[in-house]
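Below, chain A partners chain B and then partners chain C, in two separate complexes.
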Partner chain A sequence: MEETAGDPKLNRREFIVRSIRVTAFLGLGGLAVLVAEKSGSGETVWQLDPSKCIQCGRCATNCVLAHSAVRCTHVYAMCGYCDLCGGYFKPGTKTLNTAAENQLCPTNAIKRKFVEDPFFEYTIDEPLCIGCGKCVKGCGAFGNGSLQLQVRQNICVHCNQCSIARSCPAEAFSRVPAKKPYLLKQITLEGPKSGG
Partner chain B sequence: MKQKRYLVTALVFLSAGILFMLWDMFFSHPEPGVNPYAYDMKAIRSADTLLAKYREVQQIKPVLTSIHGLAVDRSDRIYIAGDGGVELYNREGKRESAFRIGGSARCIHVDKDGLIYLGMEDHLEIYNHQGIRVNQWKSCAPEAIITSIAVTTDDIYIADAGNKIVYRYDHSGKLIRKIGEKDPRDSVPGFVVPSPWFDLATDPGGALWVVNPGRHLLEKFSREGAILGSWGKATMAVDGFCGCCNPSHFALLSDGSFVTSEKAIERVKIYSPKGEFRFLVATPESFTEGTRGLDLAVDSRDRILVLDPERNQVRIFVPKQ
Partner chain C sequence: MKKIRVIFIFVVLLSLQFMNAYGVQRFPKPDFESGYLQPETLQPSARAGLLAIMDVSVLALALALVSWLVLKKRSRTGVFWTSVFSLAYFGFYRQGCVCSIGAIQNVTLALFDKSYVIPLAVLAFFILPLVFTLFFGRTFCAGVCPFGAMQDLVSFRPQKPDPRLNAVLGMMPYIYLGLAVLYAATGSDFIICRYDPFVGIFRFNASFGMLIFSGTLLVSGIFIARPYCRYLCPYGVLLNWASRFSWRHLTITPDKCIQCRLCEESCPYDAIDIPVVDLNPEGRSVTARKLILVSLLVPFFIVLGGWTGSRLHETLAGVNGKVRLAKILLEPERYRDQPEPFEVTAYKSSGKPLTVVYDEAAGVLRRFYTGGWLLGCFIGLVFGMILAGRLLTRYSTDYTPNKGACFSCARCVDYCPVEKNGTKEVKP
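And then the complex of A and B:
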């Protein structure tokens, strides 16, 4: 059978050349994607999902830092500004005041300030917070769940393998985009799933 | 020989140091599962069972799968309202009838004539005993969430958790006045309603009682909206109301005593007409943790009916012998 001009059939040389071109193109494309990811657009950091957190206390004890990078964050939009705050007061508190023995936080890291009758504002003194989650448990059980634990990215040393994530029984830790490093529960129309 | 002794001693100290470091690294951590910062909810939820003076005698399991409201009429018929329908049971708990509704009823009230009032999110719908809608009112207000209804001979009271207000209507649907608006001149402190549970009822004397949940109070109002009194205290102890906002529901016994239900620490209690704690009807152990919306009703025999949305049941309690 004779070859004619315009015959689409490739000879061996042309096939090899085209294959090399395609391979080089794919390789360069892959490299570009890799470089783009490394240059920051795909960078990730460790964060914990408050909707999975069970307040086991390991965030306070299992971080490689002596003072854990996990701290309490207050989502003010969710807060009820309650007088009887489940995240602030110990159960059995008789008088609702700021006496040390009434406070649930083991380091007194939550500050209570009168706003107007009957509302009180609660702020976290972050350097005092150890990330134990005790207030988070109380707020979730008796309030709207506005107190939530988060890895503070300015404190975290960004270990490849986070030692808290490794021991987290709720598997609440995951890598999230560095551009959106916080995962906070927000208020929903249905209201909180628990609480008082 | 002396040098050898020094070497052995040094090796012993070195080994001891290494062993201590190994122990410190691998064995000195707290046991898995032991939380040094534990918040013991079980201890808080465990109640003194000696305070429980009622026992559960019956459960009614409705066909509806999402239930929100409970009422009892003069003949002790039991009405259960929820998503898409209302079910009627006789006093023995046998299903008598049911009818469908176009939406979700958050609350229900049955008047002396047997008319059924349903709080349909932002408006009221009225049905007769056959399940035929006889009236539908317009929306109470933008963003209204109707959470409770009480009907007297002259008035219809509606609690709106969305706008934190009580409306007094006449039977034609005309708004007569708003009750509970914050007014320092009349010493009305205003309702604090952080979550959509906001209950009201009228007592045997016809006075209006409204829960002020954020203040942990039950407040008594005149028809004109003047506050006549209040009782309640914020505490996690059994004699008060816990959490951000409680009680979530209440009902009145024939002697004017109050039956209250709470969320967070799920419990049903009885208070005297003056607001003094008497005893528990149901302890927190009786409910699934996280249950909310324990609507209450009392029948002519003072049996206490508790709507348990988590178990999808109406549970009936009577005094222990």
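And then the complex of A and C:
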């Protein structure tokens, strides 16, 4: 369409288009201000709250990555260094040795190392861990709960919407500031609970 | 002694199966005598925030570059190579997250959820392409969007789809946009991310279902150029609106159109408006009658759509986790013979009172009722407008890109024989 200065119809059209354009600009600007007012300059990342997690196993299967970004994390400061580790051994294990059939972990990702009598150190071989949470369940049930699932931020590809978050039955996932990207439960110094 | 402990623990395990006995310091921290040093719990951090600044800069630079290539240089080759770069950077290097399309949901969530803090980079990804489009047309689609670039690369044999089918399929992006906003506003889900067909390719892994979806899309993309862009992309809707009112826009001819018809078949996206010359203009009364029909039809579709949407609100709300949980808890018989759903286990261990769960779910349902009305009205309005567009004829004399639908890919430019100063050098 040619722009003929003398054609009033075209001028009117051009005027309407221009007004809408200006309105759209103002609208976008307004939206940006409205939203940016409470926006942080820092990024957020996904993390799960171990105190809500019930170790359902979906963390292992529902990540967009074939090998989930959720892995078991060991908070050594909470560990009792037990010989009979509830996270390491299958329930009912008779001989406490490192035989594969005794281990709870399906990929044998937990390494058991003797420290001094009667203490053992447990280390997660992170590349082997699949985030299934079996050990976490065991440790939480009769250990100190020092094994906890966490999104490992160096592995996570930071999906806009975490695909585990939407299927987590415990709603344990949330966006946390990238500056403080872990939600590890730290030591709670209470005595043994009754029944526990 | 050990044996007894093992048995004891076994019993405890059974009794504790579904109890959340989490984080209890049952065994004291040992006092090591051998000088054992307790290892640090490693907490590797995420990508540095600096890189977010880099992403936004690359986005802005790429937008500026493509706009210059399209409007000043009129270079298809330039646009092509920029799009290859964008595909490599935003697609394969940055692995497709966050993208402008998905950012719609973050902005929506930020508007509706007071506790959600939207990162500035995400906001920039939403705003910048729209601003550029208001200035220069959809140059974002031409060479910056990795989705567009991906599909552009495979469109070897573009065919023209049937115009009616085209119009019907053309409704889908609006529906998709409406649903995405509804689900983001209610904090239920980010469906654009969930059904993102290309992210699996960028990351070299996708679920089987998604693989089939992206495969179908790419293969059909050989014959129907940019199927996602044209029949799905919700951000494309916003860009389409913005582009219609853009300040400048790509023109097929650098000077005056001579109606040589050489460009007629050049657009793989069917985005060139061919001249409609009024040799036999329809009478005023015919136009008036059509206008009356439209002004009756549009409100009718709006109300009809809204009503349908409100009817569907419970179905729509089924996606929401709170509603799902309440449904499960309300109908325990349905799960009697199966193992307890994880949702119930998690609910039990959370210690939340039942009334809170029901209240929350009822709140979500109410929002979906309103949302269902709005979504339906919106779809009805769009349907009415598209119908109106097909009823009313717009006359024009030249071959021009349709400002809304044109992706500014600059393919057609190479077909025009007219030179800058009006010299008509007709190529053979």
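In this section, the second predicted complex is superposed on the first by the 149 of 196 C-alpha atoms of A that agree within 3 Å, B and C clash if a C-alpha of one lies under 4 Å from a C-alpha of the other, contacts with A are read in each partner's own complex, and residues count from 1 in each chain.
Note that in this section a contact is a pair of C-beta atoms (placed from the backbone, for glycine too) under 8 Å apart; a residue touches a chain by one contact, two chains touch by 3 or more.
These figures come from a predicted structure and were not determined experimentally.
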If you stack the two complexes on chain A, which partner ends up touching A:Gly133: first (chain B), second (chain C), both, or neither? first
Per the contact definition in the header, classify A:Gly80: touching chain B only (first), chain C only (second), both, or neither. both
According to the stated criteria, A:Cys56 is in contact with first (chain B), second (chain C), both, or neither; which is it? both
Once the structures are superposed on A, label A:Pro106 by its partner contacts, choosing first (chain B), second (chain C), both or neither. first
Is A:Gly143 touching anything from chain B or chain C once the two structures are fitted on A? First, second, both or neither. both
Per residue count on chain A, the busier partner among chain B and chain C is C
Under the contact rule defined above, give the chain A residues that sit at the interface with chain B and also at the interface with chain C. 56, 58, 80, 82, 84, 86, 91-94, 96, 119, 138, 141-144, 191-193, 195-196
Enumerate the contact residues on chain C facing chain A in the complex. 2-3, 5-6, 9-10, 12-13, 15-17, 20-30, 32-34, 36, 38-41, 43-47, 49, 52, 95, 97-99, 102-103, 105-107, 110-111, 114, 116-123, 127, 130-131, 134, 189-190, 193-194, 199-200, 203, 205, 241-242, 244-247, 256, 321, 341-343, 345-346, 349-350, 396-398, 400
Listed in rising order, the residues of chain A that touch chain B in the complex are 55-58, 60-61, 80, 82-86, 91-94, 96, 104, 106, 117-119, 132-134, 137-138, 141-144, 167, 191-196
Quick one: in the complex, what on chain B touches chain A? 29-30, 32, 35-39, 41, 43-44, 189, 192, 194-196, 214-216, 234-237, 242-246, 262-265, 290, 292
Per the touch rule above, chain A residues touching chain C in the complex are 1-2, 17, 20-21, 24-25, 28, 31-32, 34-36, 38-45, 50-54, 56, 58, 64-66, 73-82, 84, 86, 91-94, 96, 115-116, 119, 121, 123, 138, 140-145, 152-154, 156-161, 163, 166, 169-171, 175, 178, 181-182, 184-185, 187-193, 195-196
